[in-house]
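One structure is given here, and the rest of the page talks about it.
As written, the chain order gives the labels A, B, C and D, with residue 1 at the start of each chain.
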Amino acid sequence: MINKTVKDAHEAVADIPTGAFLMMGGFGLSGIPENCISALLQRDIKDLTIVSNNAGVDDFGIGLLLKKRMVKKMISSYVGENAEFERQLLQGELEVELIPQGTLAERVRAGGAGIPAFFTPAGVGTEVAEGKEIREFDGKQYLMETGLKADFSIIKAWKGDTAGNLIFKGTARNFNPIMAAAGKICIAEVEELVEIGELDPNQIHTPGIYVQRIFEGRNYEKRIEQRTVSN
Amino acid sequence: MLSKNQIAQRIAKEVKNGQYINLGIGIPTLVANYIPDSLEVVLQSENGLLGIGPFPKEEDVDPDLINAGKQTITMLKGSVLFNSAESFAMIRGGHVHLTILGAMEVSENGDIANWKIPGKMVKGMGGAMDLVASAENIIVAMQHCSKSGESKLLTECTLPITGVRCVKKIVSDLAVLEVSPSGGFILKERAPGVSVEEIKEKTSGKLIIEGEVPEMVFD
Amino acid sequence: MINKTVKDAHEAVADIPTGAFLMMGGFGLSGIPENCISALLQRDIKDLTIVSNNAGVDDFGIGLLLKKRMVKKMISSYVGENAEFERQLLQGELEVELIPQGTLAERVRAGGAGIPAFFTPAGVGTEVAEGKEIREFDGKQYLMETGLKADFSIIKAWKGDTAGNLIFKGTARNFNPIMAAAGKICIAEVEELVEIGELDPNQIHTPGIYVQRIFEGRNYEKRIEQRTVSN
Amino acid sequence: MLSKNQIAQRIAKEVKNGQYINLGIGIPTLVANYIPDSLEVVLQSENGLLGIGPFPKEEDVDPDLINAGKQTITMLKGSVLFNSAESFAMIRGGHVHLTILGAMEVSENGDIANWKIPGKMVKGMGGAMDLVASAENIIVAMQHCSKSGESKLLTECTLPITGVRCVKKIVSDLAVLEVSPSGGFILKERAPGVSVEEIKEKTSGKLIIEGEVPEMVFD
């Protein structure tokens, strides 16, 4: 098997240049690549475009990259809960492109799967349809949307092996597996890095073929946005 | 006038045995509390879970297990996890039978507006556009009027819309209404103590009244 | 959880009518729904259209349905290894539509995922492209292909629970999971049917939402086409 | 003239460390036997496996574990299983670096024909059209001439084609040839004992000869 391990987050993100087009896994703060975000904060780069379902919060996740003014554009489905984001957006310092969540997921999946375009009903008759081709199939209208690829996709898994095979946990899976395939270089940080042969081939969520770099992350904070408990 | 919990309670009566259901944030989330135990239904969370369980006990909180509202949750026996593309494949493919969500405006032909107010910071549509474009049955939970008293059931939406001709039924604090395929809100039930006259007055779009309009019954 | 169990294969296929459009999982003879095929053989129906990567062999799998003249049309990627198939085809008694394997897989996946059409490079410049829309993206040509849905999809899994959640084994997975989602009614036969809660939610290959009927199959033969061993 | 095994052996020299590779049925399958242990490569089987291992011992045969040629196989440490849509997502998405497959004809612009002979029973293209339309590097293993002695390296294919302008390199029983981006077969190596004249004579399409043409070297 091909060994994809790198030493740590710093090595993994060392060659990401200014202006790079990135994808980052996670939904809210769940399943975000915490170690890579920390390592990126120490790089002197800017004008990043980031595809991520959300934009973190003021002091965690992608919010940290925003605060350091490293981001030129966010491509997301929902960007609430982030005051600095709002400030930069209203000041015209940040671009944002909002995409329906299912369309975003399918565009990422298509990018990784070599599908340049597909049709979806989401957004027909709305602002989202502006400038897009509309076509009717079986009496229903659909929009044409295109596949999305990134220079680097940066994802977080639960367990991974040195060949890049990954297993996620709970709803921290979300966009991570589809982004793996859509990055020309996929960087995967995992909570536990194991030797090949330790993961059951039948239970792997992301085949190692999609992963170019893998390392075991440290000190996961896993912040919770809405701690909700029953009595 | 119904409370938020009563709106949820009334919507729960629309749920049928064997359904897979997506509940939006806010009042729709409360619907789960009123679905009778006699019905076997499965709740979908579009961030990647079928079979949403109750909120966890303090000691069971897991940051890797949240719903689409980013609240910590639990799983049930028979739950299943998947990625975001699979999640919306379910929604888009019509496998989710019922979507319940909130709205800022609904038009008499079933258009819905619930994601953007011009001049205000736009947070994004999340999964709402996919849900309203795909589900076979869409029920809206909403207040009949804005805080300033203006009707939110309109001839045409004034806000940017989320989806066209998709809403099938509305449960507001005043009434249960169906959207007629040929246009118009068909008044089906009144909230306890609310008159047809009041609903007429507070519905800006075309209101259709067919015979006696019964009061809602709560069990 | 919603209980999807039916008694057996006979009950599962009892309402499949003459002229039905079916999908059947399997690659070669691996992962085919043996019990449902046997039960179908006892039904007095015909003119079936079957989407399946292959067409079985003369005396096993879909070959048995062909031999009993129940099939009007096969939609497959490769139909070798079946003399009766060849005879019916040459006599004009059977229609066949050949589709590139990856296009077939993606059309089935699209059908289940509510994608009415997508673009793929497979078949550009060949017979497969005839009559289809060609479009260029990023300097490369692609064909438009449509999503496929079936009246019934009939699949075979290794383990399943009463809610219809499925786990496959080895390469017997193949087309089974994607066909589950593409059938209006999905019938799943499993080697072992367990109670809900016995399968790990994180290791399920096919979520139960796609499955309408499930039962535990019997007496799996699992015939091997090319027994190849090393010394 | 090379034997089938020698063709496979020569093609194995094209394999680079770290590649994911799809091997077609026939001679391409034999290539696996000649990939040096010093190279870490992963073989893909399009029916749903990355990491094809050797054929099983009699007692380890598993009907649920076959390759795309329907032969029983084994897995390796680090192997992974997936469904057919995922498998072709890998292929179509360009994640598989190298495809090696057989051909009935190749044209001087890189078209390949390998799935259909008019008048004969058509068995289907299987995954070949997806593979040739998607892989960044496609190497063909083939006999230079048909049994009746006619060249299979042509100006244009006479058989229905599988893909256009996709073949990068050909290893035949007589020679190694590259397809020039501007058209033509560039003769790179001769099989031991085979003259340039013989290759010229047996290549019907445009043959490009640049300087001395070395004989193949086998380790």
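One rule holds in what follows: contacts are C-beta pairs under 8 Å (C-beta built on N, C-alpha and C of every residue); 3 or more make two chains touch, one makes a residue touch a chain.
For each chain, UniProt lists the protein as follows: A, C = 3-oxoacid CoA-transferase A subunit; B, D = 3-oxoacid CoA-transferase B subunit.
Keep in mind it's a predicted model, so treat the numbers as computed, not measured.
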For chain B and chain C, the contact-path distance works out to 1
Of C-D and A-D, pair with higher C-beta contact tally:
C-D
Note: chain D sits from chain A at a C-alpha centroid distance in Å of 36
Cα centre of chain B to Cα centre of chain D, whole Å, reads 56
Measuring centre to centre with CA averages, how many angstrom lie between chain C and chain D?
29
What whole-Å value do you get for the distance between chain A and chain C if each is reduced to the mean of its CA atoms?
33
For chain D, which residues are shared contacts with two or more other chains?
81-82, 88-89, 91-92, 134
For chain C, what residues touch not just one other chain but two or more?
106, 109, 113-115, 120-121, 168-170, 202
Pairwise chain contacts, counting only pairs that touch as defined:
A-B, A-C, A-D, B-C, C-D
Given the complex with chain D, which residues does chain C contribute to the contact?
27-31, 53, 76-80, 86, 89-90, 98, 100-106, 108-109, 120-128, 158, 168-178, 205, 222-230
Give every residue of chain C touching chain A within the complex, in rising order.
106, 110, 113-121, 135, 137-138, 140, 142, 146, 167-170, 202-203
Complex contacts: residues of chain B adjacent to chain A:
45-49, 54-58, 61-73, 81-85, 87-89, 91-92, 111, 116, 121-131, 133-134, 160-164
Could you please specify the touching residues of chain A with respect to chain D in the complex?
1-3, 109, 111-115, 161-163, 165, 181, 196-197, 201-202, 204, 207-210
In the complex, the residues of chain D that touch chain A are 17-18, 20, 40-42, 44, 50-51, 75-82, 86, 88-96, 134
